[in-house]
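Listed next: structures, encoded as structure tokens.
In the two complexes that follow, chain A is the common piece, with chain B as its partner first and chain C second.
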Partner chain A sequence: MSAAAKKRTKRLLSALYPLGAAAFIVALWAITAAAVGEELLVPSVGATFRGLFAMLGEGATYAAIGGTVLRALEGFAAALAAALAFALLAAAFAPLKKTFAPFAAIMRSVPTMSVIMLALLWASSSVMPLIVTFMTVFPVLYSALIAAADSVDGKLIEMARIYRVPLKKRVFSLYLPCMAPQIVEGVRSTLSLTLKVTIAAEVLAQTRDSIGVGMMQSQSFLQTDRILGWTVIAIVLGALAELLVTAIAAVVRKLYVVDKRS
Partner chain B sequence: MLSIRDLELSYRERKVFDGFDLDVADGEVLCLLGASGCGKTSLLNCIAGALQYRGDIRGAERGVAYLFQEPRLVPALTARQNVVFAVSHLWQDKSALDAKIDEAFARLGIDGLQDRYPGKMSGGQAARVALARAFCHPSDVLLMDEPFGSLDIAVKMSLVDYISDMLAASPRTVVMVSHGIEECFALADKIVVLGGDPCRILAKTEIEEPRSDREHIADKDVKTRLIKDALLSNASD
Partner chain C sequence: MKKRFFVIAVAALVVAAIALVGCTPDEPQQEYSFVVPDGAPALGIVGILAGDGVEGMKSPEIVPSNTISTRAVQADIAVVPANLAANLYNKGQDVVMVGTVTHGNLFVLGVNTQVASLQDLEGKLVCSIGQNSVPDYVFRTLLADAGLEIETGDVAQEGKVTIKYYQDGSAVVQQLIQAKNGGNELIGVLAEPAVTNAKAKGVSELFDLQELWQDYTDSDTAGYAQAVLIVKKAVAEDTAFMERLVAALRENADYVLQNSADVASVIAEAYPQSAFAGQTFGTETLERCNCYFESAQQGKAGFEAMLNAIIAINAQAVGGKLPDAAFYFGG
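What follows is the complex of A and B.
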């Protein structure tokens, strides 16, 4: 077998693994639904997808998807920008790192439900998911970025200090490029968390035009197939986000040829 | 002139320097020899302003160029970008910097490497890029901390030649730390042996022969004996 054919087979096999996993989940679902025999508790695969396609024919579904994606992205972008700013400041000034550490630890430990309950009191239903997303995602991203900043070679930092390289240039030409692969990994691992937290907050805040409210209404009308339909939509959105981050990671790897020898 | 007066430096309880004095004339290449841990690199770092010390160091206020033991190139930047990263803020005239970088790369025989990333360079190529970065620094002071330490003999010899060539083209006040007497004889105008606790000057010797004619240093054996005796006496302290 030629090298090109081997490569093609390998690529085909690596695509088959996730398809196999998906087929296994669907089979398990179908068996469970057949065993339970009650559409209200566990709807069949067919009923769920019929419900899903019906939902996709409704304009409100797209408004809900758009609203949730926008809120999740806004909360995530704010958390990423803040985490990046605080992590870089902490990396540049050791006393700031020590000052930020207890705040980050507290934010990591605060239960999400506490944040949701307090945000329900403080903010409107449209802003509340943003606050909850930010408060949940920020400490996770901050910890990941602090670890990334700590991994920047101390000898390079010393070189930049001896050459008196201005802080702005150090941040953009030394810290950020060296941190880039870990930033991408941090983004990848927190994106799915972001979507989950945003939807949970939307359910409790009853935010207009949101997947959360769509799920809650479906639950109120005992439309289990539609709840699962929304779940499938959330999973697809998560997968799309994952694909996007993978593409960005590939570009970052191409742009920054990182080698241990420096 | 680079002038160090009454230098005091401590690491916890240990006094590395206590009233240490040293002068390096303009354009002079001073080589520091001594046992590991005696304070040679600490002295360079004091001159570079990277360590907190007490005392008076004059002549390095405009900053220093520094050639480290490793190339210390930013992996995400190309060879040229590495030089620009380290020195562009020190140049008012950017076209003059561009010309200086081109000249340094050409002189070091790495013209074709300008757009190459450190991960794709050999050890010798990376060392030459680091040398180009040091020579594009506008400071009159160049510090070198065992720049040949991790290089094989052939690369080491060629780098000695390049440094000698660069210094002829653009003279600097140089303080170089080394473990190799041969490199010191090839480059230095003055050799100083450091040792003791706290660190002091154990011996010094000057080399009058021009750098281009160091093959025939008249009293090389006498100077070598002086350096070795100083190093050995310190080792037996």
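What follows is the complex of A and C.
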């Protein structure tokens, strides 16, 4: 087999593995549905996708998707901006890092449910998911970014200090470029978490135009196929978000190369 | 290494699948199983819990109200919201409706308000419970009948009634008390026994929705079918058992009113995490919970009126249509 053919086979196989895994999940689902034999408890694969396609023909579905995506993005953007600001401050000034540590530890351990319960009392149903998303995602991002800042080459930091490089330049020309790969990884891995938490908060806040309320309604109307339909939509949204981050990261890398080999 | 991982993964999935399959509803049973959602519906059967039970049936199991739809699919006997009963039947479940056990316990309350009629709710924010549940449909039907436009949201809107939904009554009480202390006007829709608690904290009662529903439907009695009892067809055909069950359900109303002090603790004993745990209800409060048994044949017209009102708002909530005659026990 020629080298080119081998490469082609390899590429084909790498596409086949995830497809095989997906087929396995669908097969397991089909077997479970058939074994339980109760559409109201475990709807069949066909029924779920029929439900999903019916949902995709309804305007309300898109209003819900739009509402949830917007809320998730708002909460996420706020958390990312805050995490970045605090992580950079902590990286630049060691005493601040120690001051922030207990706050970060508390936020990491606060149960999401207690945030939800308190936010329910304090905030409106459209703001509550934002608070919950922020409180859940911020500590995760902060920890990731602190680790990223710690990984910046100490010698470069030392050099910047000796040559009295201004703070602005240190942040934008040293810290951010060096942290970029880890920032991208942190963002990618927390986006799906953001979506999950936002939807959970929407259920409890009964937020208008949201996937959460859509799921809750499907549950109270005995439309289990639609609950799974919403689940498929949420999974696709999470995957799309990750793809988008990967694409943006690739573009940024091209425009703003930090070549580790140099 | 990779191979071993794969084997473990497959094994784990197979075990999971078997576990799921193990949950199938149709295991052979000696006695009929009976599930009831926590809250007011439990009051409709509390006499059975307190007494010697019914021969041929397990003691009623109280379950969280948000799990009742799936639990009802699996159980032989269940108390379910009226719309869920119709929905189950319309979705092909072999259920029969035996009768209504609770007939509504819904009231409109307010603080710092001059509201004297439903029309006065125009332009106001109303905190309510149970989006897409029977109480919600009753309230929305009455508002629509009063010529009001309804909107869902967080802030009051000019010319409309804006409903803000909460997960449970305690959250609504909290909002009302907060508004009262802040000197703000707020309207809330609540069910007994939470209404009595709210009134004890200085919240005023504005309307009895059971009475307004009676006017709306022009019926002889106040109230509507809220929670109903359904049984699987096989149970309905067990005539001797059905006679015992219906007799026990008929005795429940007297039990509740004669033992008002014990009702909450009987429920909490069977279900410690009950919303009623640690409470004691007065006879008057329990009277306002409207729990008495009315057979499916007696209550059919009222039940259908209720379903028609729901269909006008959202037919999906009842599974698309009125159930046919086979749905009603004793027909």
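In this text, the second predicted complex is superposed on the first by the 248 of 262 C-alpha atoms of A that agree within 3 Å, B and C clash if a C-alpha of one lies under 4 Å from a C-alpha of the other, contacts with A are read in each partner's own complex, and residues count from 1 in each chain.
Here is the rule we use: a residue touches a chain if its C-beta (ideal position, glycine included) is under 8 Å from a C-beta of that chain, and two chains touch if they have at least 3 such contacts.
Predicted model, so just to flag it, every value in this text is computed and none were measured.
Peer 1: Considering only touches as defined above, state whether A:L244 meets chain B (first), chain C (second), both or neither.
Peer 2: neither
Peer 1: Applying the touch criterion given at the start, work out whether A:V42 contacts chain B, chain C, both or neither, answering first, second, both or neither.
Peer 2: second
Peer 1: With the two structures laid over each other on chain A, which partner does A:Q217 touch: chain B (first), chain C (second), both, or neither?
Peer 2: The answer is second: A:Q217 touches chain C but not chain B.
Peer 1: Kindly classify A:S124 by the partners it touches after superposition: chain B alone (first), chain C alone (second), both, or neither?
Peer 2: After superposing on A, A:S124 lies in contact with chain C but is clear of chain B.
Peer 1: So, A:L167: does it touch chain B (first), chain C (second), both, or neither?
Peer 2: The answer is neither, since A:L167 touches no partner chain.
Peer 1: Would you check which partner chain A:A105 touches, where first means chain B only, second means chain C only, and both and neither mean what they say?
Peer 2: neither
Peer 1: Which of the residues in chain B end up touching chain A in this complex?
Peer 2: 48-50, 63-66, 68, 70-77, 81, 85-87, 89-90, 117-120, 123, 126, 137
Peer 1: Flag every residue of chain A that touches chain C in the complex, lowest number first.
Peer 2: 24, 28, 31-32, 35-42, 120-121, 124-126, 204, 206, 208, 213, 216-217, 219-223
Peer 1: Residues of chain A touching chain B in their complex?
Peer 2: For this pair, the touching residues of chain A are 155-156, 158-166, 169, 173-174, 177-178, 180, 255-259, 261-262.
Peer 1: Please output the residues of chain C touching chain A within their complex, sorted ascending.
Peer 2: 13, 17, 20-21, 23-25, 66, 69-70, 73-74, 84, 87-88, 91-93, 131-133, 152-155, 164-167, 171, 174, 316-317, 319
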